[in-house]
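Presented sequentially are two complexes of subunit A, the first with subunit B as partner and the second with subunit C.
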Partner chain A sequence: MATIAERRLSAPRLEPWQDPKAAPYVHIERVTKKFGDVYAVDDLSLDIFQGEFFSLLGSSGCGKSTLLRLLAGLEYPSAGRIFIDGVDVTNVPPYSRPVNMMFQSYALFPHMSVEQNVEFGLKQDRLPRRERAERVGEMLDLLKISELRRRRPEQLSGGQRQRVALARSLAKHPKLLLLDEPLGALDKRLRENTQFELVNLQERLGITFVTVTHDQEEAMTMSTRIAIMDAGQIMQLDTPTAIYEFPSCRFVAEFIGSVNLFEGKIVSSDGDRVVVDTRLGRPIHMRSFLPHPIGTPVTVAVRPEKMRLCQEFREDGVNQLKGTVEDIAYLGDVSIYRIRVGDGQLVEMTLTNIQPRTEQALTWEQEVAIEWSPTSGVVLTE
Partner chain B sequence: MKRRSWPLLGVLAFGYAFLYVPILLLILYSFNESRLVTVWSGFSFKWYGELLHNRQLLDAAWLSVRIAAVNATVAMILGTLAANALTRHGRFRGRTGFELLLTAPLVMPDVIIGLSLLLLFVAMQQTIGWPDGRGFTTIAIAHITFSMAYVTVVVRSRLARMDASLEEAAMDLGARPLTVYLRITLPLIAPALLSGWLLAFTLSLDDLVIASFVSGPGSTTLPMVVYSSVRMGVSPQINALATLIVAIVALAVIVAGWTMRQKPDRAQKRGA
Partner chain C sequence: MTAPPTHSHRLSRLVNIGIPYLWLGLFFLLPFAIVLRITIAEPALAQPPYTALWEWVGDGMLQIQVNLQNFILIWEDDIYLAALLNSLWVAFICTVFCLLLGYPMAYAIATAPERRRMILLMLIILPFWTSFLIRVYAWIGILKTNGLLNNFLLWTGLIDTPLHILHTQSAVYIGVVYSYLPFMILPLYANLTRLDPTLLEAAADLGCRPFRAFLRVTLPLSMAGIVAGSMLVFIPVVGEFVIPDLLGSPGSLMVGKLLWTEFFSNKDWPLAASLAILLLALLVVPFVLMQRLQTRIEEGPA
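On to the complex of A and B.
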């Protein structure tokens, strides 16, 4: 079996989800899960391919954890079917699925040592003792926790527990690993290091990872693809870049990063150029690849870092706005400016602090002109 | 330097005195020479000697211990099963009724439990011929009915506090439900099982009311013997027996406490 790296080198740059011939590793077909009257997962279909690092992203209660538990077999769907590696596992109990899960609480067995925890799954498979010991050693080495092998979970730090939990879920060499908020309980610095480590591990082992997270930064750094979920449904499913640059709807645009939204109506449409009339007092010119009939109500979404200071303000300039600086948030590497424009709307702009803070040009109450390019934003209809 | 607060020490002394002076007096008078429990006339082991030859008292004690052990074991098993049903199986049909019936013995007066069980046993004997007469079996059954409720409470709270994802993780790693229960759940709730067992044992050992209802001729438990002999005038033999029981219990508590304290230390050493 080829690792991802090899496949990426040998195949033409066609990702599996772009390839109509590729068979999905996980196939979720119109799955619904109801708890009483509440739809945790609502008629959801999804394909995940081998070797992916797939993230389910959403706020709490959006159904992402339920979807993960459905894959693990800890919940059974109210309707719909789930296939893993071509096999219908809809009603297969968790102990018979080729899937392992790393729990959010890590769920390490408190009455067993690290070694015994990692060995637990192998014992269930009735592997001979020699092989078990070998595999445990291999896993402890892989996660660099060999020196902790005789400790009990209560004697470990949060980061160490996370590694033990990971070692335990990888010990059975699953083809599909489910991770529920894998980095949720770690502090920020440890989290950043672990993110890269997790991705390296995944590429090295060639296992398909499906993670659940509410941390968008985490999802952006690690994933091949992200599914943004809300109310039991997928709002958008795409690569991190596509989700950030080309959100499909207002919900996704607002959920990922910060965004300036301008509501208005299409007044002219010519090829991929549209003009939107808004309350800003001047039309906005945007590029859009979708056909928009004149009069369609739309929202223009522009990220704060796509805004820039206008060098030369003209009355007929494209996407230029005048306003006053109302708030400045200095974050070290960048500063966020909130600018009150013509109609009273606050527009956010992020500028990299190229000059030291003390020499910055912008200050409170200052009159400024800002602009953005017609290509650096999207026109949303929903 | 810690400051001594005399009023606080006084309260502490009173508390201890309140709890332990009666027991100390009881122990002291077991070594009394005199037949009168309230008059001290000299030190002697006389009553311990007589106790050893008092078959009635010793038989009663042995019967009580056997009933208590059987009761504690069966109540522990049934109580654990009930606790599992209540915490792990969602809202099954009849759950509320089951829960109510389980807690009933906790609040029901002993007299009513004893009387109703007696009527049941008599009716059963007349219709199906079992239990044949009243004695060991009927007392044990009666004790199991109410101590099971206590065990359920203890085990249930432990199960409810246990992280359910531990069981899920074991299943996810390939363990079937029975293995999950034996390898994960049971070891983790073992302390609750032990305290449930001890609780049931104690409840049975000092029950007088219910046992009086459901016991028959020839099956007199220790509390019944003590109670009836007190009415006829206490013999210091009772003091001697009580002293022995206190000594055994104290020893058990000390050993239990000692092993509990040892455990984490050893785990620490192995970990380091």
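On to the complex of A and C.
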């Protein structure tokens, strides 16, 4: 899932947000946007740094698109300020901002050829003809659509339109590119290839990308950082790995990937080790970096792939549970098992299909014991 | 895979295609042929008031009578050609005015909030609920020397002698533009509501100021609506009779008025028919040109 992100980590680390001296490229300061009585963006602050591939992730109606439109200047905030490259652009109209946007519907001009579409922004800047032609050629080459230059949008496939839209938004060499669901209209296969291409392009051009997406896989693969949004606010802002492994609240844990949640109370706390009493009948031992007073109601979150089959079950074993296999979802590379444990809760476990499906040991109605390590989960208080 | 056409299949297809053709043949081609046939007759004191196309003159002889005198007359008497050209000119001016007035109105309606849009559209359509004739008569009351307009202007002190508008060409323009404005607005409105507003956002995002965005995006994309609206105004206005007759000067030359005179006053059906055919021929040219323009717009840059 995190191939590109991993590659990023092996390369010199791009983590300006860790550097207290780094000046943000985009600075959003307590911005609120109301539509009537609805808060689309609610008192939101956010810093985005030069060269980032930043993703706004959330379900529809969470305010992510509105935030993007606020950056583009297509909406103006009801309160708060927006700075781009140190300049206050809060009330600057879209046509005067150093920002370009790739629209979800691509918004290609239907009465213009591919070439004319790409050239449109350059014409507005009154660039001389020769320079315009050069830049258009450069963009068409970059996105490998030179042979489509005389076509019209209606004669293009979805993937080709996406490329034209990208070429058009990059033609003016913006420092900041906003992408609204850039891969939303592509089919799965094309989407995966384009993800890699987008990231390569972004690294090569050194442009700051801010994308909006509802597809978590897309956000995980491409982003340097992700902001998970809900109800106009940022629920968690972190790297893809941190968001997946260390969600800060139940909402994020449930939003990204699948997760098993066990509710309970802290019964003992010793350094970074806590014991949680749940309805499972036996205590859960977890590692937690936050101090939890005894009696605090908490939720333990453990991802299905962190669960494993228990080799030897002991009555006093750490985080071991007995149950029966109720459902098996065979996905080819992995299988998802739903196991009904002691108190009736369903626990999900993902196992890689090392053996062919037919030779697998686990089957329906089978009694199994599962376990997980105290370090492979998080304790959530929210 | 399509199934091989069965007998009933073919029959239903024949009916489907046949009915519109039958309709066109019965109510367009046949009347057209009759009018065409009258153009080569001579007026006669008979019922109908023109000579027959053929006559048996005995001895197995069939005499066919073709009279080209009408076309020669139209060509030789300046009044007919002048009326035709004047009608085209008046129609052109009125179309331009309708476009200049109608485009902003259609644009305003198309961009108005959903709820107000319906009300505004109703206001455009509402005049149709009153008879066309009555509405034109009402303009006489407004435009005449001691009419509403003059009294109002005198009252405000803008003028001190009444304007002479009624029975001038200006009155014709006013009446025509008033009457045909909805025919311009409705197709334009239909076209402009289909315009994707994100295209204008994209234009703004690419550095285009609103007015330029209008010129570069909205206007070219609404060209099909402009052509449709212009045809709906231009073509009927060329043959317009009622408005020039009621509001225009008695001496004004409009082909519609001329037709009326030849047909009803002079009872010269053949001449009237010839004039009508000529008018049709003259209209087909701009119509075909506009159709070409429209298909070119739809196909876009080569």
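As a working rule, the second predicted complex is superposed on the first by the 368 of 382 C-alpha atoms of A that agree within 3 Å, B and C clash if a C-alpha of one lies under 4 Å from a C-alpha of the other, contacts with A are read in each partner's own complex, and residues count from 1 in each chain.
In the analysis below, a contact is a pair of C-beta atoms (placed from the backbone, for glycine too) under 8 Å apart; a residue touches a chain by one contact, two chains touch by 3 or more.
These numbers were taken from a predicted model, which means no experiment stands behind them.
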Subunit A as common anchor, with subunit B and subunit C clashing or fitting: clash
Touching partner for A:72 - first (subunit B), second (subunit C), both, neither: both
First, second, both or neither for A:93, with subunit B first and subunit C second: both
Which superposed partner A:81 touches (first subunit B, second subunit C, both, neither): neither
Which superposed partner A:116 touches (first subunit B, second subunit C, both, neither): second
First, second, both or neither for A:151, with subunit B first and subunit C second: first
First (subunit B), second (subunit C), both or neither touched by A:34: neither
Which superposed partner A:308 touches (first subunit B, second subunit C, both, neither): neither
Residues of subunit A that lie at the interface with subunit B and also at the interface with subunit C: 72-74, 93-95, 99-101, 103, 105, 107, 109-111, 120-121, 124-125, 150, 152, 168-169, 172
Of subunit A, residues touching subunit B in the complex: 72-74, 93-95, 99-101, 103-105, 107, 109-111, 120-121, 124-125, 150-152, 155, 168-169, 172
Touching residues on subunit B, where the partner in the complex is subunit A: 163, 165-166, 168-176, 179, 183-184, 187-188, 267-268, 270-271
For the subunit A and subunit C complex, residues of the former touching the latter: 72-74, 93-96, 99-101, 103, 105, 107-113, 116, 120-121, 124-125, 150, 152, 168-169, 172
Subunit C residues within the subunit A interface of the complex: 196, 198-199, 201-209, 212, 216-217, 220-221, 297, 300-301
